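There's a structure below that I have some questions on.
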Amino acid sequence: MKFRNLIALVITAAFALIILQAFTITPAAGEITLNEFGKADINNRTAQLYLNKSVNTDNKKVIYQESKNLESGSANIVTSVVANYRSFDTLGEITVLFLAAAGIGVVLNLENSKKKKFAADDSSLILNTGIKLLFPLLLLAGTYIFVYGHLSPGGGFQGGAVIATAFLLKMLSDNKFEIKEISITLVESTAGISFVGLGLYGLVTRGSFLENFMATGTVGQLFSAGIIPLIYIAIAFKVGAELTNIVKNLIEA
Amino acid sequence: MIDLIYKIGHFLLITVFATALGLLFMGIARKIIARIQKRYGPPVYQPYLDVLKLFGKDAITHGFIFDFGAVMALGGVIATLFFIPLGSWQLYSMEGTVLLVIYLLAVASLGMAMGTVGSGNPQASIGISRALTQMLGYELPFLVILFSLIFRYQTSSIWGLMQAQAGSFLNWNLFAYPMMALVAFVVLIGMMGKKPFDAMIAPSEIGSGPVVESGGKYLGMLLLQKSITIIIELALYVNLFLGGADNIFSFSFKMLIVWILATMFGSLFPRFRIEDGVKFFWKWPLGIAILQALYIII
Amino acid sequence: MLTKYIFVPAAAAFAAYILNKKNKKAGATITALVSAYLLLSLALIYGSWELNQSFNLSLMGYQLEFLMALTPLSWLFAVLTSAISLLIAVFSIDSQADFKFSSVFNLNFLLVIGSIMGVLFARDFLTLFIFWELMTWTSFYLISSGKKKMAGRAAYRYLILSAAAAYSFLMAVIFIFQQTGSFAFEPAAEFLLNNSAPQSILLLLAISLPFWVKAGIFPLHVWVKDAHGNAPKEFSPFLSGMLLKVGFYGLIVVFHQLSFFKIIENTIAYRGLPLLSYLFALLGAVTIITGTILAIRQEDMKKLIAYSSISQMGYIIIGIAIATPLGFSGSMLHLMNHLIFKSTIFLALAAVIYRTGTTKMYEVGGLIFRMPLTFAAYLTAIIALAGIPPTNGFISKWVIYQALIEKGYLFLALAAFFGSIASFMYVFKPLSTVFLGQLKPQHQEIKEVPLLMKIPMLILIGVIVLFGVFPGIQMNIISQISGDLGIETVNYSLYSIQGAFGAWNSLYIFNVFAAGFVIALLVFGLAKKSKLVGLLDTYSSGEYVTDAESYHYAYQYYRPFDRLFDNLAAKSLTGFYETLTANLLKSGESFRRIFAAGRVQNYALYSVLLFVILAAVGWII
Amino acid sequence: MLNFLEEWSFFGGSILLIFIGLYGVLSRKNMIKILISLGLMDTGVNLLLVALGYVEAANAPIINSVNPSNAAAFVDPIPQALVLTSIVIGTAVLALGLALVMKIYDKYSTLNISEIRGLKW
């Protein structure tokens, strides 16, 4: 082991020990500390309001398939947080992703570099055939994940990632497979514009950007949760297109 | 008006007298040196003949600065002469003159330097550069001596310094501060450009240096300038260290003694290189002068 | 009403900048007009010493008070500034074509004038600092706009020294502000007087540091030569004449108005002079000697005169430091006279450079036959500089000698004598090599400079002679200054000054000179007429002289003398600073090699280490 | 003991993961490995965030037929939402980093950071 590595090890170890120490320290009275593991008291947190879906209105019990016209109709609380309560953050987040994709495009400078095709031999028959079989299934799975994002674990990001994975696999397996730049751009910008458009519509009709302007329906039903599914669809297309774009750029560079 | 005429007459009288005396001294010096070198030597009145002859000759000039330099050299020393008490003669009893005289002498030097360099002869330039370098050498100890004298007697007029030595001849600075007098004597030799310190003239080396290009009336004027300068410098020494004198005759006698001594002393030594001369001046005369000055001011 | 002296030049600066784009001569003309206006209006307020002005500014909850007032001292300096800038502006009207960016020159020049006025009238540290920095920066641009390659570097050196000094100034001022709650001079002086002496002395030394730099006193003189030598030829007169003097203004303010001398009054003394003052005077003495020796060695005419400026600054600081009535008057006289004759010299050299385009002395020669008026200006000025009667330069040196001998400061006097005698050497060098000697073939066709350049030189010649005969004019304002500062005044009349050991009477001297010259002229005129021959028609020990080029003795004029100081010059202070800088850079480089070798991981490691240390400290505490 | 282990396997483990990543970033020479280390740190942080929001014996914060009411014990949803964001940004960073690595490899033909002279001065 080299000397420098040793120093790095010692320093990180010291750092880690100091940080870990914070978890075992006995708090003084009145001092705010971390909870022990598994002892998170969410009753006193904002989380409780999200769970009750009552940041603005009074506290009501939310019951599966019964409660109607809630603040946010999504059965998945995380989705509520991501695509409703904090959807402005999410807009920023996909902007970051977009910027990363754009940055990769700039860094790799595809326009100027000689476009070398993925020069490997044809991939193995098993992979090729498997992917041929898997590709539509993956697309389907992805679609399911983002369409049911407000009901079950999942959502736009996850669904988009699955879709992008499908395209990645396709690109890996099939040398002749090529996605047109223009189609990616088209999908991505349409998705982005519709996200912003939904927000602007909320701004115009309800007076606040990204405010829910549709009926939220009954908790647990597919057609519920107001604009959340719409936003998630937009996000899914955008993320899927961006990730595909990134993968495509990396492969082609 | 009468006063003015009297003054102008006085002016001219002093000038003529100093010139005549200076030329006489130069003749004496030539005679002495000749005798030391076991020659017969020219007659004592030879310098008078030289001056007359030179003014009778045709001369060449190298432009107006050449003329101006000669005039400035002569005019400068004549102006200086009036601030020196010669025995009981002094036109202006102005105080503060001892520092003034040093700087007034520079006018003449500057005039000569300017005129001769204006001739365009590089040998003159070399001579002038040496002369100025050497001047830095001997003026420093001399000014330190003046510093201590002025501080000691609390007056800076030559007249006042002379009066301070009145009474017995033991009051003379020569006896009161013999080391200082010795230093001043060495400085005097340097000032007059006598032998160990004559690198700026050096006839065999740079063709008589500053005066290389002067001929006819120019050389004559420079000769007159030289003679008056000798008188000024000797008079300064006599006034400062030999107590001056009551009348012009004893004063001239004292000057003559100093002049003969300086001439004989000068004829004993070979020529210093210019920087060695400066080094010498800064080592011994300046050192002794500083010690003496420290002794006086403490 | 004092603000107009700042804002009129400032406003005119931008007007000059814009108009100069249209007409090359507009900027310099505006500068001249503004300077003339300033001069006139200053003349009108002469004597109204109670004039003052203050305005308040509320900034982020702080009440800032800017104070300005007219004192005899600032009046004198303001008059000198506007007078010299007037002459320089007139001089530069015809030489605007020599500039790369003449509008920028005029802009900055006017800004320098305005900021100097601000410095002079300031009565509180904040105003002083603001205008001081403005002055430094604008003069930095002016120096760096010189044509030579070295100009930028020289200006940079100037800026670095000034900036470092300005920081020390600011530190001390802020310390005083914390103690007194005010930036004004009076409470500061009071506080410093009642504070413990060592601390006050330290504070005042820190405050005076920028002034030492600007005045070019010995250990901090390194910027002067290159800055003067490389500044535009039109700015060098101002740089040497005025900017250096502003440093002395600051020093006088520190010494007297901030009661530095009162604080050190009761410390250990040598011959009645506090040791610190004596040290300052000794610095002046060292300045004289170094400046002189280095001036003699120079081959570049502007650098030579720059070194001579350094050495003349030594006289001024000696007089200011010993602070006797004679010493102070001598210093102020010398300050004014130096301004006059040094500007004349630089203007004459600027005229030479304007015509020949070179500053190397051995590349020119014999210009007297082509530029007689320039020669006359130079000659008069160097007679004054060397301190030869009957010019103004001798009077001031004479007064300083009197002051030194009066108190028996042997070593200071020795340095003063040395500088004075050796000044013959260095002023004669350009005289002999530039104006006298052989005229170079390529300069045969040179003409005298245009009329607008002659006028300032003529005026300055007149001023030199005028002040040489009537020093009482100068003594008039000087006695007011010393009265204002609480120094005894020296007895004087229009043409005489009473020294410690006798009086100076310029009328006698002038008469005697006239008489001497008349006799010499008579002798010359009565003798036979002489024949004019060419410069090459000289005695050459038998050599056959063909070209003027090799027949001109100019390069290394004082080589034998230089040999005496070769060792010293090799160890020059500039070299010392440069070695210091080089070593500092080298050690910095090796330090960098350890800590910043371009390995990003190491940087990450350092930042992690810092986090660890911080976390550990936080955890332990 | 079991509780202690469980607690440490989440808190301590995720912190350990962060510092393993940190150590990798500080000590590895291969740029790909450095990126992997960055990914490790990312994961560690995400795990830590999620672990902080854990409630003992609680369910995922989804109202469904198994947990039909908000009265049921749910874990804190906010860290999860944050982690979702964090993952996306981590992905973006990794992708950009990889692109840079590719570019650097094009230029220097090496992945060893000590052999890359561009930053040496």
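The letters A, B, C and D name the chains in turn, as written, and every chain counts its residues from 1.
In this section, contacts are C-beta pairs under 8 Å (C-beta built on N, C-alpha and C of every residue); 3 or more make two chains touch, one makes a residue touch a chain.
Per UniProt, the chains are A = Membrane bound protein complex subunit mbxF; B = Membrane bound protein complex subunit mbxM; C = NADH-quinone oxidoreductase subunit M; D = NADH-quinone oxidoreductase subunit K.
The model shown is predicted, which means the values in this text are computed figures rather than measured ones.
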Top chain pair, ranked by how many C-beta pairs fall in contact: B-C
Centre-of-Cα separation between chain D and chain B, whole angstrom: 99
Intercentroid distance (Cα basis), chain C paired with chain A, Å: 72
Chain B and chain C: spacing of chain centres that average the CA atoms, whole Å: 36
Between chain D and chain C, distance of the C-alpha-averaged centres to the nearest whole Å: 67
Touching two or more other chains - residues of chain D: 22, 26-27
Multi-partner residues of chain A (at least 2 other chains): 4, 8, 11-12, 15, 19
Residue numbers of chain C (touch at least two other chains): 605, 608
Chain-to-chain touches, reported pairwise for every pair that qualifies: A-C, A-D, B-C, C-D
Chain A contact footprint on chain C (complex, rising order): 605, 608-609, 611-612, 615-616, 619
Sites on chain C touched by chain B in the complex: 271, 366, 368-369, 379, 383, 386-389, 394, 398, 401-402, 405, 408, 410, 413-414, 417-418, 421-422, 424-425, 428, 431-432, 436-438, 499, 501-505, 508-509, 512-513, 515-521, 523-524, 527-528, 530-541, 548, 551-554, 557-558, 560-561, 563-564
Contact set on chain D toward chain C in their complex: 22, 25-27, 113-114, 119-121
Contact footprint of chain A on chain D as seen in their complex: 6-7, 10-12, 15-16, 18-19, 22-23, 26-27, 51-56, 60-65, 67-71, 74-78, 80-81, 84-85, 87-89, 91-93, 95-96, 98-100, 102-103
Of all residues in chain C, those that touch chain D in their complex: 597-601, 604-605, 608
